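Same chain, two partners: chain A is paired with chain B first, then with chain C.
Entry: the complex of A and B
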């Protein structure tokens, strides 16, 4: 009985919209007129006709692989650093976590100014260091635009993963390290034989969260910083979906795109969880 | 005092307040929905003057229409989010009677999606108030879907006259002149032309200019393309895109423009980092108010070499007012009355006059008098053609924006760019699009 309100809310706000979205994905609907049933035509177009969608999928995969890798590696590295007994460690932990608390819009605007080719801090810094050959319009140069956004996403979330790893590190019994030191284990051996294996459950969660975020929480940053441009260089599936739905009034097609993304994320997450359960993470 | 008495008193006070509230809302409330902040009356004027004039116009309308108790005016948001805002308002069932409708989305999206009422018969009695060419911007298939209530713009280069004089440069007339001027400016440490390329919707304006010259009649060719009688991949279309890339390759247009927004472009010009910028004549009020340190002037887009056509700057009445297709029977006469009131020359003189227009869509409105205004009226306006993005569907417009970014960024060829636009057109046709429907 106690679960009933939660179940009702889940049905109203999650289950019904998902079912309705799936229903819409088989229709042509511009939001103003009645939906028209067109069978699988939206899905056919997605695969056969929409070059921008394919570009967006490619960019999303590049985005996902990069951020999952860097957020976790850097997060672990920083956690190892701030787990030491050093002066001002609380300050460093707070400073590194601070970007997590800022909204995407604030961060997007902030970094747009940092990347600004004329007034931006980055180019000014490079000039100061005599690295003039590296100066460029970071967000409008099609060779660097996606990388520039990926860097910002990593900057924002690394602190979050650092905290996860830090919690994991602090739960590892100290006597394991003491015994290892007595046995003459090197720092590298302690990291690879004690720390990483015992961090496996945390690593599993951290990677799963970053993987999920990389696919379904990349809209705001891209939208604020480049809106998918220049020439779709930074287009991700979510920005393309929103453009199709709300700018071009192709709500049925956007629904199909949403379900395609859902399937991709579900397959990756399911595969990852299966790998985790098969023993790769030792839990 | 007993609790019962206290409750009775509270109830009485609440009842009085409720009656007062109802009385205040007695009468019809007209809802004007603006998908963007540019849909306010006199939107280009300074904020405090704009708000004052808007209130004055609304008060005048209410005084003449006692059945209407209030006009709720909701216009906000950026120009490129206009279609989205209208769609979400419609889906949310938000009340809309009159819609502020820029000519661009009206032609590119609103009419095609059935958002607007055909008002041909509603405005028949007073249709001669409008300049015919301006009314054409709201006429589709012979039916009128909105009234143009706007200054009429054209496009121009705005330049720093002092810098040109200092370097001994004349206003460039031909493309070759422009290359020479850009080289001299670059050598003197100025960015020749900085464009607001981050606002992607501004890029097609360059295409309107080049297309007018490479195609001859770019409006006719565009209509042919949209009817499927010719293609966006035809040689003149490809050349028009190619010529934009040439502006970058020849050192006229700065490639960094891709990450510059409206404010950045204007501040670079005002602070004399850049010597020239390109835009519509809607820039004039801002320049007059903010550029104080040097003399500025205007010159036309240059004549390109070896092309069949002559200059054709994009221009027209930028905004207007339409009636929502879902307007109630009760609201319709009030909405029509409001459009009629706004378009009276003496009323338009108030809300258009504050924008110091060069010309307006409504006859009899006072226009600005100055040397530059005279220059623009006598030299630029005769070479002005309809904005092509008032003919393209929104999807084609977006494809152009992306392709031009690719050309300016140097990552695609003109052939690839136009092929991507043709693909978008083919996809629209696949989806049932027909220009004449």
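Entry: the complex of A and C
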């Protein structure tokens, strides 16, 4: 009864589109004429005859592994720093979260200027440090473009993970530390024996959210910054999907790509949840 | 004696303030790291505001510094060209209505999932979780067909339901965890006294869940306010469009007017930041409970 409004909204705006998208993934469809059933040919083509897709999968995995690692490690590190009773800590907490509030339009514009080869901050800084040989056009250089985008995604979201970890740290009873100090435990021992184990539930959620975001919420940033270029070096599955769907009108093929991605994410996420559930985390 | 021990250990990091040189060095290091981290998060915002007040020449010759002369006229022009008046109105209406629908519907559902025993409860939760893993880019075309069939294309009302519907899963996920962290004893007492579930929810649970609701409101409110992709697909009529669509139109039509563009960006970004700063205490509290105990 209490679930009814939510279930109706979910069915209309989420479940039906998903089922219809799944149906389309077995069809050839340009969006105008009626869809033609072609069995699993979209999926076969995806694996056998689309080099860009394979490249996009590799890039998506590189993207996902890097951002999950850095967002969580840096987020935890900053949370430990701003969990101390030092002057100005509220200011630091607020300021470090600010990038989370910015839209991708703002972020894309901002970082395009930072990476700009002629007047960008990054190259100006390198020049100042005498590292002239590192100066390059960060977003159009095939060697650095993907890393440059990954950096921006980490920049935007680290504050969010910091707040999650901070919330977890504040829920750890202080007397545990008092006892540990009286027993002569070192700072390192307190971190590894008390803090990290008790943070496990938060770490679980934090990693899950970043994992999900890294696979299925990276379109806008890549689109704004490079649109997959140069030469597909920053192509992720979602940019390839949108190009196929909206530029070439291959809507069935794009749907198949989306569901292939979904299967990968779901397998990773549910394996992770299963492991987490047997451990510290309870659903 | 005992008080003295507690005093000394009351704060695990109090040793940072002791007189030892190495401890002072440690504190210095902490501040150095925090200041570097903070500069790289907030300098870009100052840079945006600086840019919004410059002349074109100043912007290109003095890219990173403060403006040599304040050109407030940029704001007046940007407001007029991007037609921000009408768009801010649309954005406020759509954000507020979407949040209202989302919060009411998802909090009731999340409460049911957290407290009530009914068949299929676990399955529903897992399906909700799974829908979060489907990229919105995949479902947007089927969603377009659904919205067109319902006759709510090109309407603010339609976008409100698209937003509320597509954000439902995340909101239920977070609020369910939050409700599970509230001890059930209070509710049980009220139920014994003859209150029904909805009354208990309304009078006892919701007031306790304010931080959780604030978290969803801030997080999703930011998302609705900044959202571009869905708004672009579902609203084509200029007078119904939201701010991000206006900014992008503006950018394509007047791409040389960087200073005006920065002025427009500042006008839409600053209110969000002010709102976040005003509500951030609740936000952290909400995440604490929601994330720690889900």
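Note that the second predicted complex is superposed on the first by the 277 of 283 C-alpha atoms of A that agree within 3 Å, B and C clash if a C-alpha of one lies under 4 Å from a C-alpha of the other, contacts with A are read in each partner's own complex, and residues count from 1 in each chain.
The working rule: a residue touches a chain if its C-beta (ideal position, glycine included) is under 8 Å from a C-beta of that chain, and two chains touch if they have at least 3 such contacts.
Note that the structure is a prediction, hence the values are computed from the model and not measured.
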Evaluate whether chain B and chain C can sit on chain A together after superposition, giving fit or clash. fit
Contacts for A:174 in the overlay, against chain B (first) and chain C (second): which applies, first, second, both or neither? second
Taking the superposition as given, does A:101 touch the first partner, chain B, the second, chain C, both, or neither? second
May I ask you to decide whether A:238 touches chain B, chain C, both, or neither, giving the answer as first, second, both or neither? second
With the two complexes superposed on chain A, say which partner A:12 touches: chain B (first), chain C (second), both, or neither. second
First (chain B), second (chain C), both or neither: which does A:43 touch? neither
Could you work out the angle between chain B and chain C as seen from chain A, using CA centres and rounding to the nearest 10 degrees? 90
Mind working out whether A:269 is in touch with chain B, chain C, both or neither, as first, second, both or neither? second
Is A:26 touching the first partner chain B, the second partner chain C, both, or neither of them? neither
Using the superposition described at the top, determine whether chain B or chain C touches more residues of chain A. C
Once both structures are overlaid on their shared chain, how near does any Cα of chain B get to a Cα of chain C? Whole angstrom is fine. 6
Could you list which residues of chain A make contact with chain B in one structure and with chain C in the other? 31, 119
Interface with chain A, chain B side, in the complex: residues 83-84, 87-88, 90-91, 109, 113-115, 197-198, 200, 255-260, 264, 268, 273, 394-395, 398, 401-403, 405-406, 408-409, 411-412, 420, 423, 427, 430-432
As the complex stands, chain C meets chain A at residues 5-6, 9-14, 16, 27, 30-31, 33-34, 37-38, 40-42, 44-45, 47-48, 60, 63-64, 104-106, 108-109, 111-113, 116, 124-125, 127-143, 145-146, 150, 161-162, 164-166, 168-169, 172, 197-198, 201, 222, 225-226, 228-229, 244, 247-248, 251, 261, 265, 268-269, 272-273, 276-277, 280, 283-285, 287-289, 291-294
Contact footprint of chain B on chain A as seen in their complex: 28, 30-33, 45, 49-51, 115-119, 137-142, 227, 229-233, 243, 246-249
Partner chain C, residues of chain A touching it in the complex: 1-3, 5-7, 9-10, 12-18, 20-21, 24, 31, 78, 81-82, 84-86, 91-106, 109-110, 113-114, 119, 121, 124, 155, 159, 163-164, 166-168, 170-171, 174, 177-178, 181-182, 190, 201-202, 205-206, 212, 215-217, 219-220, 238, 241-242, 245, 251, 254-255, 257-259, 261-262, 265-266, 269, 273, 283
